[in-house]
Amino acid sequence: MFALEVRDHVMIAHSLQGEAFGPAQNLHGATFVVDVAFMRPSLDENDIVVDIGLAAETLKRVLAPINYRNLDELDDFRSRRSTTEVLTKWVFDRMSEEIAAGRLGDAARGMARLRVTLHESHIARASFEADLS
Amino acid sequence: MFALEVRDHVMIAHSLQGEAFGPAQNLHGATFVVDVAFMRPSLDENDIVVDIGLAAETLKRVLAPINYRNLDELDDFRSRRSTTEVLTKWVFDRMSEEIAAGRLGDAARGMARLRVTLHESHIARASFEADLS
Amino acid sequence: MFALEVRDHVMIAHSLQGEAFGPAQNLHGATFVVDVAFMRPSLDENDIVVDIGLAAETLKRVLAPINYRNLDELDDFRSRRSTTEVLTKWVFDRMSEEIAAGRLGDAARGMARLRVTLHESHIARASFEADLS
Amino acid sequence: MFALEVRDHVMIAHSLQGEAFGPAQNLHGATFVVDVAFMRPSLDENDIVVDIGLAAETLKRVLAPINYRNLDELDDFRSRRSTTEVLTKWVFDRMSEEIAAGRLGDAARGMARLRVTLHESHIARASFEADLS
Amino acid sequence: MFALEVRDHVMIAHSLQGEAFGPAQNLHGATFVVDVAFMRPSLDENDIVVDIGLAAETLKRVLAPINYRNLDELDDFRSRRSTTEVLTKWVFDRMSEEIAAGRLGDAARGMARLRVTLHESHIARASFEADLS
Amino acid sequence: MFALEVRDHVMIAHSLQGEAFGPAQNLHGATFVVDVAFMRPSLDENDIVVDIGLAAETLKRVLAPINYRNLDELDDFRSRRSTTEVLTKWVFDRMSEEIAAGRLGDAARGMARLRVTLHESHIARASFEADLS
């Protein structure tokens, strides 16, 4: 399997409700350094996994609605907490939609799998990885 | 699959017996930066893979018996060399036991898979990854 | 000059008032990975710059009042914005006080200089460095 | 599965033909930091995945024909562009041959899987991972 | 002294003439990850060293003439080799001009010092640091 | 000031005597990732700070007597503890001698300053920096 992985970041505020979260129940924040790995078994006609420029632009566009925001105020995080884990899936779902809509190019519709990793500090990170249907 | 990964480190002395190990047959040592990735197909009722505070505490407790020690003197490494590879499995087995014993919380018993990575320098690292039975 | 540098991190929310800050005028947040370098021209009687355990504990104690907090609500940041730069000085001042109060040990009172670095993402960081008076 | 991963690097020039590559159609270059992960389900009789010294030497030898070269002039990249993705497979194929030829030792013939990662900058990397046949 | 440091990168081809350069006399290339640290003794009226958005934009504009280029063809490197060291000074000089021309804002004219660092691999980097006149 | 910095590493065992060292009084060990920065105000006739190949070779030769060793058995660390700080100075002194002896080339005798950094984990490092006399 081939993979191409690109990186960007967001700076967000949020709080995590529930006793289990201890001090993280307070409004606080995080820098998430976000890696998206695009995976496919063979390369496209340009000998690449995906156009790296389009991949980077798309990731920036996907992240824009949460960047410099308080996630507690966004509809997407009213029914679920905005944990790092939930955010990996949130980015995964939006990147999948972008691929399906052809915004990473026609060849990218052949993408087999994605992995989204959010680094929240030098000692912790979360990821979500799955096949594209 | 979701994953959450936490990091800690240990500083140990050891020697590696056998001609293949060259100068590493001498008593020497290493800093191992240890990453443990907890993996499961769906999140628990708190929208997380595992309580990150418990994960970090448990990793520190698991590493305590080898931290600041000469591994040549420990019973666990009499029958097998304490290679970086063997140590990844040693940490894996102990983390699995902690999960099974409920020390990462009841929800963590649903964990599907673990990966333990030991970075021994800026140019080498080893890992062990397997399903939890 | 000898230096010893230790690392910890905080996760904070804040907003930055003033047109120059663009989208950062919104309430958002950051993970700051914090490095503190202690500097002195010669080592103490234990052949060290400072007790590394005390240094790490002190840094954690200094950071506690801002960790998992919304800085907009703290008195210390009412008269000045809580920019990354201002925070480097805030940590510097508190670490200096800890040293002067002897909380890093008697020998640490001979410390000559400090540098505090806050990494806000994989592409940006700020620092403040000065002699101790 | 156990893995052992070693790191080296190459500095190459090349150009990438095709409109999709924009400014990368110009002759330019890259430092590729190369990680090779060797994977097998159980350890050899020395309690290791592979002799780390041999692994590092072999990687250096495999990389030698492209290091400090203009890839546009090499036969291997006449029929395919020398994209980062193609290079991951190029390194993979040569490392596989070295293993099959016994140059990583007899025990290494039991290797199950390889992953080759090329980091091209702090924000992009590609990899190729597959079972060894 | 306060510092703010931002990061970008370029991918270039070049060759280094002279026996001392061994295989680097061949046309080859490099990814240079470029850090620019802006330094001043006190903050501006916005409590910052420099507008981080302008700093990043300016760095990208300064690097544009060498990005995706063969440095052997550029006039700037006809009289001097394009060693990593020479390139740190080349970036330093252009960033200084941008500051003097007011392109980082009026307040940035009070900048005291700059440091430019070019990372050429995971094991080597060069920098140039000096006061601004 | 120009700087060129190269990286290598050693794996050592040692113990640190004195109550202040707590569990580090036990025989344990460390991987030290070692950076040496060579500094001079102007470049040599090859437009470099120092021959990077010679710098790397010399660093490896300087580190050889401690690599894969128990420092408690070496004469150099009988009168002083082998703390990370003391080791930065030990490397500094040996690198200085190599420069003075002309082993980094004639031009390197014009070197003005050195900085040696030892990273002992992902959260701690020490350095020694001084002018060359």
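Note that the chains are named A, B, C, D, E and F in the order they appear, and that numbering of residues resets to 1 at the start of each chain.
One rule holds for everything that comes next: contacts are C-beta pairs under 8 Å (C-beta built on N, C-alpha and C of every residue); 3 or more make two chains touch, one makes a residue touch a chain.
Bear in mind that the values here come from a model prediction, so they are computed numbers and not experimental data.
Averaging Cα atoms per chain gives one point for each, and the point farthest from that of chain B is the centre of E. Of the chain pairs listed in B-F, C-E or A-C, the one whose interface repeats that of E-F (more than half of its contact pairs identical by residue number) is C-E. A straight line joining the Cα centres of chain A and chain D is 27 Å long. Separating the centre of chain A from that of chain E, both taken as means of CA atoms, is a distance of 31 Å.
For chain B, the set of residues touching two or more other chains reads 7, 122-123. The touching residues of chain C, counted against chain E in their complex, run 18, 20-22, 80-81, 83-86, 88-89, 122-130. Listed in rising order, the residues of chain C touching chain A in the complex are 7, 9, 11-14, 23-24, 26-33, 67-70, 120-123.
Interface of chain D with chain B (complex): residues 1-8, 43, 46-49, 51-53, 56.
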